[in-house]
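Dropping the structure in here first, questions after.
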Amino acid sequence: MIGHGFMGAAHSQGWRVAPRFFDLPLDPAMQVVVGRDPGRTAEAAATWGWLEAATDWREVIRRDDIDLIDIVTPGDTHAEIAIAALRAGKHVLCEKPLANTVAEAEAMAAAAEDAARAGVRSMVGFTYRRVPATTFARRLVAEGRIGEVRQVRAEYLQDWLADENAPLTWRLNKDIAGSGSLGDIGAHAVDLTEFITGQTVDRVSGILETLVAERPVMAEGVGLSGTAGAERGAVTVDDLALFTGRLSGGALASFEATRFRTGRKNALRIEISGSRGALAFDLERMNELEFYDATLPESEQGFRRIFVTEPSHPYADRWWPTGHMLGYEHGFSHQVVDLVTAIAERTDPAPSFADGLHVQRVLDAVERSSAADGAWQTTR
Amino acid sequence: MIGHGFMGAAHSQGWRVAPRFFDLPLDPAMQVVVGRDPGRTAEAAATWGWLEAATDWREVIRRDDIDLIDIVTPGDTHAEIAIAALRAGKHVLCEKPLANTVAEAEAMAAAAEDAARAGVRSMVGFTYRRVPATTFARRLVAEGRIGEVRQVRAEYLQDWLADENAPLTWRLNKDIAGSGSLGDIGAHAVDLTEFITGQTVDRVSGILETLVAERPVMAEGVGLSGTAGAERGAVTVDDLALFTGRLSGGALASFEATRFRTGRKNALRIEISGSRGALAFDLERMNELEFYDATLPESEQGFRRIFVTEPSHPYADRWWPTGHMLGYEHGFSHQVVDLVTAIAERTDPAPSFADGLHVQRVLDAVERSSAADGAWQTTR
Amino acid sequence: MIGHGFMGAAHSQGWRVAPRFFDLPLDPAMQVVVGRDPGRTAEAAATWGWLEAATDWREVIRRDDIDLIDIVTPGDTHAEIAIAALRAGKHVLCEKPLANTVAEAEAMAAAAEDAARAGVRSMVGFTYRRVPATTFARRLVAEGRIGEVRQVRAEYLQDWLADENAPLTWRLNKDIAGSGSLGDIGAHAVDLTEFITGQTVDRVSGILETLVAERPVMAEGVGLSGTAGAERGAVTVDDLALFTGRLSGGALASFEATRFRTGRKNALRIEISGSRGALAFDLERMNELEFYDATLPESEQGFRRIFVTEPSHPYADRWWPTGHMLGYEHGFSHQVVDLVTAIAERTDPAPSFADGLHVQRVLDAVERSSAADGAWQTTR
Amino acid sequence: MIGHGFMGAAHSQGWRVAPRFFDLPLDPAMQVVVGRDPGRTAEAAATWGWLEAATDWREVIRRDDIDLIDIVTPGDTHAEIAIAALRAGKHVLCEKPLANTVAEAEAMAAAAEDAARAGVRSMVGFTYRRVPATTFARRLVAEGRIGEVRQVRAEYLQDWLADENAPLTWRLNKDIAGSGSLGDIGAHAVDLTEFITGQTVDRVSGILETLVAERPVMAEGVGLSGTAGAERGAVTVDDLALFTGRLSGGALASFEATRFRTGRKNALRIEISGSRGALAFDLERMNELEFYDATLPESEQGFRRIFVTEPSHPYADRWWPTGHMLGYEHGFSHQVVDLVTAIAERTDPAPSFADGLHVQRVLDAVERSSAADGAWQTTR
């Protein structure tokens, strides 16, 4: 695993726990974690249960005993690492967004396609696809239970920047993070829309906005929880993204990604309206899926709160009895299960780097539209 | 109409509005309102749109041009007025509870039975039966949609006495009000249970409790909104009633009536669990009914929020388009519709005085059980 | 009252009920209702309690005993009637949208301004301003309880056109209705945003969409509930409107108006995010307001469901005790109260025709933006 | 760890994960799991990550390298194992209910008291105390935020026995399970009430009921998921328990434990009403706590949905960022943290065996009351 921040903790938990609850066809070992700072990396290895710590990812990629590289670094480093790993014949799991630019993502997708011909697998980490409720939603759409998709509303609402004195972290620096709310959380809204509907976002019109232009600069290297000083620096990414997309099936989808929706902490929500029904999901109540069946008698129609914890629900039978909730981290175990299964079965896992590239193109088109007074842009 | 308090306002609104939205088979005129104080009664007549005001209800009952007596006085006066009216051949609508004692209620039910033989109709005012959602719930149970009733939870939660300096109104005086939370709101929980399930509560065990024993005495005649002085008087009714009932079909029902559930304002809630499904209703969201259909595939089961405003729902087609809410007072219009229709069609309206007597017997059995250390008491 | 459709019923109920619950400074009489068809107009007069029926609105406007004209006809007739009435010195209440075009609305606003100089009052019927919860929301914003407005999401979601065989009513004809979801329900979302925030929508970018292009033609004159034949005609209005607006205070607002959000019946929802808190309202639960106070200690923050039925809430003290719900029609009583009070007190009621014109300009700018590939348009 | 059923999985997850997210003062090793069947025990060891498997718990207790015994067997074996372990100087974590009878529980509590004098710690596994929301609720009550406790409603609602052909598992056998809904889930409702209020249940009145008297017998040894045959056997435990308790502070608490509340899967709910506020919790939405603050201005009061995922909330800062949900199993990690911390700090952890004994006495008193026609019974 390359990197060891918040995402490193989540990925480590996935690797550690998945084999305990699922019958994996292979037996993954948590071998080595890589970071720049030797001390902090060693500490991460101890905390998260990796056997070794290393500081040079290139060296790790060359090792024969390493079969899979899990990339959890910031987006600006994804391309270089992933391409090198794929060329070295290692399977790659890369945290989203795939890259910070379309050009990088294109190079990565091309490398993944080359590698796939040699049986090397790659996958991008949109774990919200693997919440039982969202996987089940996709199944219901595929089975025609909501009919033809007519409209989508997808939003990812947070509020951790609502405080204008929240510090200037790397996530607010365009050079490192690529974009702000758009790439960090809007990407999830786009991917989830495409995953559940089985369609792609083909054209977009939108606007990006930075609500607080300057924030306190942090003492170097301090990270998220550091004390900020009096100096203020420029926020170079968006705080809010509002855009409309045209799906490949013809329907319009309305998107919002924001870190300023006061009181909303992690509300990735999607509602899909179809000719025969509708589905609604909210990550803040991730064990529930609301389903409206418009084919029932008029007097009996209503949004139905399905508690997605039954043995017949995706992934759910391997965990706890009905009614016992799963949390944020379980998607990372499911990701491990699906990736390891694909490797063992010699199939290509989803979402692929090509899928990740497509999301990147959607984000890029939104940026272009915002710069072009809202004019519609294609994502191809 | 005899009486003109809060209930007088609600009944007046029912009489005024019902003919505007429903095609009544008869054309009721709001003729005369009766009260003790001439000035305040005249004011009530003007405010609520009654043609005359009077102070002697016996005189009004003797009038040939009066066909129906609507009783909205406190419970201690119901028996005398209702029996006199029925004997005078007037149809009677009597606000709940039917009476303050079983003996009074028995006399009223007997008078109603006698009168019925002469074609004189009587009805007791449990208006929460006439909320579209509860009427629809009864229909679903009758159609077998939840199968055999297995359990009921019925509660009526308020908090207006949570403030221990709330004044000592007539509703806290056993001589006038008969009982406290039990008769005032617990009666609704009992009636709604019997109405929706189509069963009776045959035996009960329970406890009554007064949480605040003394409250500030109000200056005489001032009513609910008066200023209370330093003097404190004894609360002689219950603040809280907790009881369990055995339904005629065999299931247990758990009841709670309280004015001390902080934050709950008017939460008459009922949940009925059956072998094939369940229903849940909350008066604080009275336009909604939750229905759980256990005959659906396991993965699709869930409580369904039915917005009970469709043309196919009870009463709903005469009001506004789908999705437009009704409020508290609409049940009073529905009561007028059902009563006037029964009179015109020469049928006996429900709930009858016998139904009201039965509720009174349930309340009485709860009081007896509470006095007998929780021993089960029959309601017959 | 000119017109007698669904809105005629609602306005009549307002005129009838308001004086019973509020102390009006004047005593309005429901004198005459005007419609084209003598028979149906007479029937409407009888049903809704108007003393007379008439077929010529010009004649009614000339009558000395008429002080106020209430216009509830489709939007294409508003301008002519309202201007004539104002010139005749009659106060005017005009149902929304003010008109079908900006030009008409401008003429109306000019006429209203002229009339105001002579003490003649005019008001446009955005009744959702007069739901206690929305009025209270405006008060909280004005008091600074959510700080500076940072973002708004306003949506009006219905689904009555989701059935593609729903008939081609006048509301789907641009010549009569002006626009579709945009003017019919989007107008409410715009007005409510401006009302609660106290700001105006100054620029917009958006798209209009017709999802079902042809629908069954109805037999002439049959109206909403008629039987549709095999013939299909073109829908000439939008089914869905998605747009973004720039508020005068600088914040972005995201709007959606749709009749295709399956399962949503009458969901006028607004969420306003500010620097110190947030507010959320949903017309499907119109007695509730959610308030998030970001100035509380972090561990105690949360959206608070305020049941807007306390005596201290707007309008609420004149109706029922705490916890007893109001419904759709009560806003029409509040409208009567505010209008009659303004007339008596010789002040200008809100929303004025100028406010209505402004909403019309916003709608027009959305249409222009949709035609211009999403380019931002000014609403001035 | 003695036993390896569903609870074994949960405890194992706790032991495995806790050290990764919390800084434990000691470093627990998952040494040996004990079961009757050698093959299945070895499989459990491999699956859950225990170093060894064994079949003789007495032998394990004698081992010098074992410091702590974690008991997750059915209730009928708890006393023997726990007492032996404590006498051997091992710290003991015992799954709830502490025992199947009061006599056994008394012996266990006495053994625990003896052992404590020698510095040996014991704890009973009521993990729902360690959900951040419930721990936070206790803190708010202790700080006086809801004032004096006036009323409690505590219910644990499931529906997995609603199907009358659900098989006759060991949980329906009184000899093994001790009791049914009462001991299995009612115990949690009692413990949570005592934990949050800081009071004890001193007297009770109630009724136990078996709704389905006979169920299909399972082929021997097959367990929960086995195929049931045509033979039916007697259910010897309760399906439903309804009881009222008197708290040590004087308030009444109403309890319900049921496996027949159709549609409710794992709804451990508690609502505590106090003189200054109220709290409500539902395990089906375990990351949320509703708080009503009655000291706010009347117009601003409402139940507030606190998302209990802030760094300032109990346990929450060690997991994920704000808004990222925890699930069922996290309580088991918190249990490990608190137990290991107590051992290291030489303090007695809670809930103690004495606490577990008290819960057992409450359950016993409910059984006695049910047998005595609802007569109130003391729990001392």
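By written order: A, B, C and D. Residues from 1 in each chain.
Here is the rule we use: a residue touches a chain if its C-beta (ideal position, glycine included) is under 8 Å from a C-beta of that chain, and two chains touch if they have at least 3 such contacts.
These are the chains along with the protein names UniProt gives them: A, B, C, D = Gfo/Idh/MocA family oxidoreductase.
These figures come from a predicted structure and were not determined experimentally.
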Note = Output for shared partners of chain B and chain C reads A, D
Remark   = Between B-D and A-D, more C-beta pairs in contact link B-D
Ask   = So chain C and chain D: same face meeting same face, with over half the numbers shared, or different?
value = same
Key: Far-end chain from chain C, centres as C-alpha averages   = D
Inquiry  = I'd like the Å distance between the centres of chain C and chain D, where a centre is the mean of that chain's Cα atoms.
reply    = 54
Query = Any idea how many Å lie between the Cα centroids of chain B and chain D?
reply = 41
Inquiry  = Quick check: how many Å separate the C-alpha centres of chain A and chain D?
reply    = 36
Request  = Specify, in ascending order, the residues of chain A that touch 2 or more different other chains.
outcome  = 301-303, 307
Task = Provide the residue numbers of chain C that touch chain A in the complex, in ascending order.
result = 146, 150-151, 153, 159, 162, 164, 205, 207, 209, 211, 240, 242, 244, 252, 254, 256, 258, 260-263, 271, 273-278, 292, 294, 301-303, 369, 373-376
Ask   = Which residues of chain A touch chain B in their complex?
value = 136, 290-291, 297-307, 310-313
Request  = Please give the residue numbers of chain C that touch chain B in the complex, ascending.
outcome  = 6, 10, 12-13, 16-17, 20, 47-49, 158, 160, 265-267, 284-287, 307, 309, 320-330
